[in-house]
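Data block below; observations after.
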Amino acid sequence: MKNYFQNIWQSITTLLIGLGITIKHMFKARKGNVTLQYPEEKWPRPERNIGFDPKNYNIIRSKLHVDIDDCIGCRKCERACPVGCIKIDALKVPKETDLGLTSSGTTKRLLISRFDIDMTECMFCNLCTYPCPEDCIFMTGGPNSEKQPLDYEYSQYDRSRLIFKFANVTKNDIRRITTAPPVQQEIL
Amino acid sequence: MGLVHAEEMTLNIGPQHPSTHGVLRLKVKTDGEIISEITPVIGYLHRCFEKHCENLSYEQVIPFTDRCDYIAAMNNSFGYVLAVEKLMDIQVPERVEYIRVIMAEYNRIASHLLALGTFGLDVGAYTPFLYMFRDRERILDLFEITCGARLLYNYMWVGGVSHDLPLGFMEASYRFLDEFEKNINEYHNILSYNKIFIERSADVGIMPKDVAIDYGVTGPNLRGSGVKWDLRKDEPYSIYNRFKFDVPVGTGIMGSVGDCWDRYWVRAEEMQESIKIIRQALDKIPREGNVHEALPKKVRPPKGSIYFRTESPRGDLGYYIISDGTPTPLRVKMRSPAFTALSALSEIATGWMLSDVLVILGSLDIVLGEIDR
Amino acid sequence: MTIDNIIQWFQSWFPVNVMVLFITSVLIAAVVIFAIMAVNALVAVYAERKISAFMQDRVGPMGQGPGLHAGKWGLLQTIADTIKLILKEDIIPKAADKKLFIIAPFIIFLGAFIALAAMPFGPYLIASDMNIGIFYILAVSSFGVIGIILAAWSSDNKWSLYGGMRSAAQIISYEIPAALSLVSVLLLTSTLSMQGIIQSQAGTVWGFLPNWNIFNNPFSFLAFFIYFIAGVAETNRTPFDIPEAESELVAGFHTEYSGMRWAFFFLSEYGNMLVVCGLTVVAFLGGWQSPIAGVMEGAWWGLFWFLTKLTATIFIMIWFRWTFPRLRVDQLMNVAWKILLPIALFNLFGVAIWTLLVG
């Protein structure tokens, strides 16, 4: 009998405590709120309740971007990718052909005829960005954020539009550069 | 009455069901509400993790270990990385060790928060789940400023971590821990001590000590049955021997030892212990140091094999790695704690009601990504 | 405005056949009651979503409404939901018993709908003030369970079947404590008419409290809680929502329903809430009586007070739902038969003694 009433009493008190907590939350709902109203409010906003500044981010993982002018075609990123979403074709060019320098001063020796990144396959592990000797492949908003505007929103209606093609050489260019005089071809 | 023909009904719980915690299928035989037989059917989330590993280099495996137990990705890659380091005999810098412990413990809290929240959801309490999710969100924020990712981090590397702690991480950590400690009390008030919750979980799905040991159940599930076994304490890896913390075990306060409430309670207490560890680590961490110092030029372990186990939020997580001296492992085998926990389900949940079976399943805290791999 | 009033009023202007008048006035009353139910569902769904959101540190629906996205509060959310539900495909499973499947939601709806006919919204606002009003409501409000069982059985789904069986057991069990605690009120009021019950609660008691049944004596105070708990169980809401227990039975008896038929389940759930809360207000909280005797009384004030009390009780139901875990089936029966029923019986005895000795 004592147990019976004890049980009822316990139920009532513990349930009332629970009710108290929910009502307390209801009246200060705005305070503990972590909801982000997505299209209006976007993620790196400094006043988020932990109080982080986007500047304090070590890195932001987002869309991969390649500064193709700096790429020397070493294919290190292609090899580093665990899922193989980076596809590079680099063509050998005659020795005399001047492809220019990268921003850090390295001479470019290969013509990048294809540099495709399939973002539908990418798993955002960030492994491709570290081996790059020229720092030319990076996730936008990352350490090179000043080079590229921060952009998370790259949803598309068509899957093929998520395959980003970075190579900027035309077929004509390829033909012009690679078909050099036969003598030089032999030297190569 | 001879005309009445009674038979057992076969019920298919899952693979699409709100509380199977993933794509698990339970084939149950029911006699009214009572469950007389349970057969878990797994494999809906099989992604060939172990076969993948045989074709990838050692560093490239790390993102895939994250994807096994996606609730506690840090702990999973932590175990793998430690195994490879041991195989290669790498000493990592002090700072890296501390960072790793901090991250692993944070992820343990995040994982337990999810486990407790979804357990509440299985019992029918919706609100605590969202409170816990809110706090988990803050931990994920900490991870995000550190490495840019919120769920699958690829943060632990062989010989280091991918990024040093960002500016303001310490302050944010202390702030979070202070607030979180207060919130734990609130969770206890709204969920743990709630009479309905106790009625639903105490004395339900009792896993006796011997059953737990026979099935090889580890982690909070084993400790809920009253066995004091924690690899962080009993076989300290990394720098866990430098911290003071307790190993909470189930004592059967509300019911009997090894019931669902005990398993729940052990997780709740472990969050407190994790907070202790994080506080000590934050106090002791060397302020300076290069986290990339000990990164090997090329991860190419010598010929040999290793089995290394760590305490993930779900239990003993073991990696067995065979190296043939090439940059790709010959074989990687993962010992999944959630798998063993699930194997004990049919033993402990038979004879309970349909609602209880789902509560027991929730109390085991399985992650299907790790079971199916 | 009872139906009788409308008939008389019409007759004084257009002296036509009584039967025609009767049918027209019943239709008018039906439309009004349906409107009340629809508006109630619209408001209550929105309120439930917002309140639950605030209780859970979320913001709730923000998309639809004046000010549009993330502007102001998503006021038009339920209307958008309704439009969506109307436009949705109405799926009838191949294996379902088609006739029963189609008719079931309307039977459930009917239970709540006809119960509202005897609900006094104000001193004069009642469709039919019959002299057995409370008895009538008790009788027809358990009509809905037939619909639930039909829906569960005809869906040919194991989850639905579970939900239906649970629901039948639950509603039948909880009728008893609910009825017993209402009987203890009837001892105090000595009438079965809804208006009569309210009128008997006029004045003050203990000097300052309104003479509502809840304050009348300690036993009826307890009876209020018993009735309210049993009422929550009858409406299948948390912590007694086992017929549709989301995490166990997917969606319980309405697993296979979609579109407008599903919306009818929803409408009748909120309609049932209205009936249960209305009955609570009438039987224990003085119906449309003002809380301070003699102040702010009259037809419109009556409506205001009734709606205020109704809102408060519905809010408590919503509050329960977003705080408590769910009971198990056998525990549910325990609560009904081992806790509520003995206390209700004891209460009935206590009220009887009280009326004998005090009033």
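Per-chain residue numbering starts at 1, and chain names A, B and C are given in the order in which the chains are listed.
Operating definition for what follows: a residue touches a chain if its C-beta (ideal position, glycine included) is under 8 Å from a C-beta of that chain, and two chains touch if they have at least 3 such contacts.
This one's a predicted model, so the numbers in the text were calculated from it and none came from an experiment.
Of all chains present, the one whose mean CA position sits nearest the global mean of protein CA atoms is B. Here A-C and A-B were compared by C-beta pairs in contact; the pair with more is A-B.
Between the CA-based centres of subunit B and subunit C the separation comes to 44 Å, rounded to the whole angstrom.
Between the Cα centres of subunit A and subunit C there is a gap of 54 Å.
With centres defined as mean CA coordinates, subunit B is found 28 Å away from subunit A.
In subunit B, the residues touching two or more other chains are 127, 131, 134, 190, 194, 196. Among all residues of subunit C, those that touch two or more other chains are 55-58, 322-324. Counting partners per residue, subunit A has 15, 18, 21-22, 25, 32, 34 as the residues that reach two or more other chains. Remark: subunit C residues 51, 53-59, 62, 69-70, 319-320, 322-324, 339 touch subunit A in the complex. Subunit B makes touch with subunit C in their complex at residues 9, 11, 17-19, 33, 120-127, 130-131, 134, 190-191, 194, 196-197, 199-200, 353-356, 358.
On subunit B, the positions that touch subunit A within their shared complex are 56, 59-64, 127, 131, 134, 137-138, 141-142, 144-149, 152, 154, 162-164, 166-168, 172, 175-176, 186, 189-190, 193-196. Residues of subunit A that touch subunit C in their complex: 8, 15, 18-19, 21-23, 25-27, 29, 32-35, 37, 39-41. Partner subunit B is touched in their complex by these residues of subunit C: 52, 55-58, 158, 162, 238-239, 241-242, 245-248, 250, 322-331.
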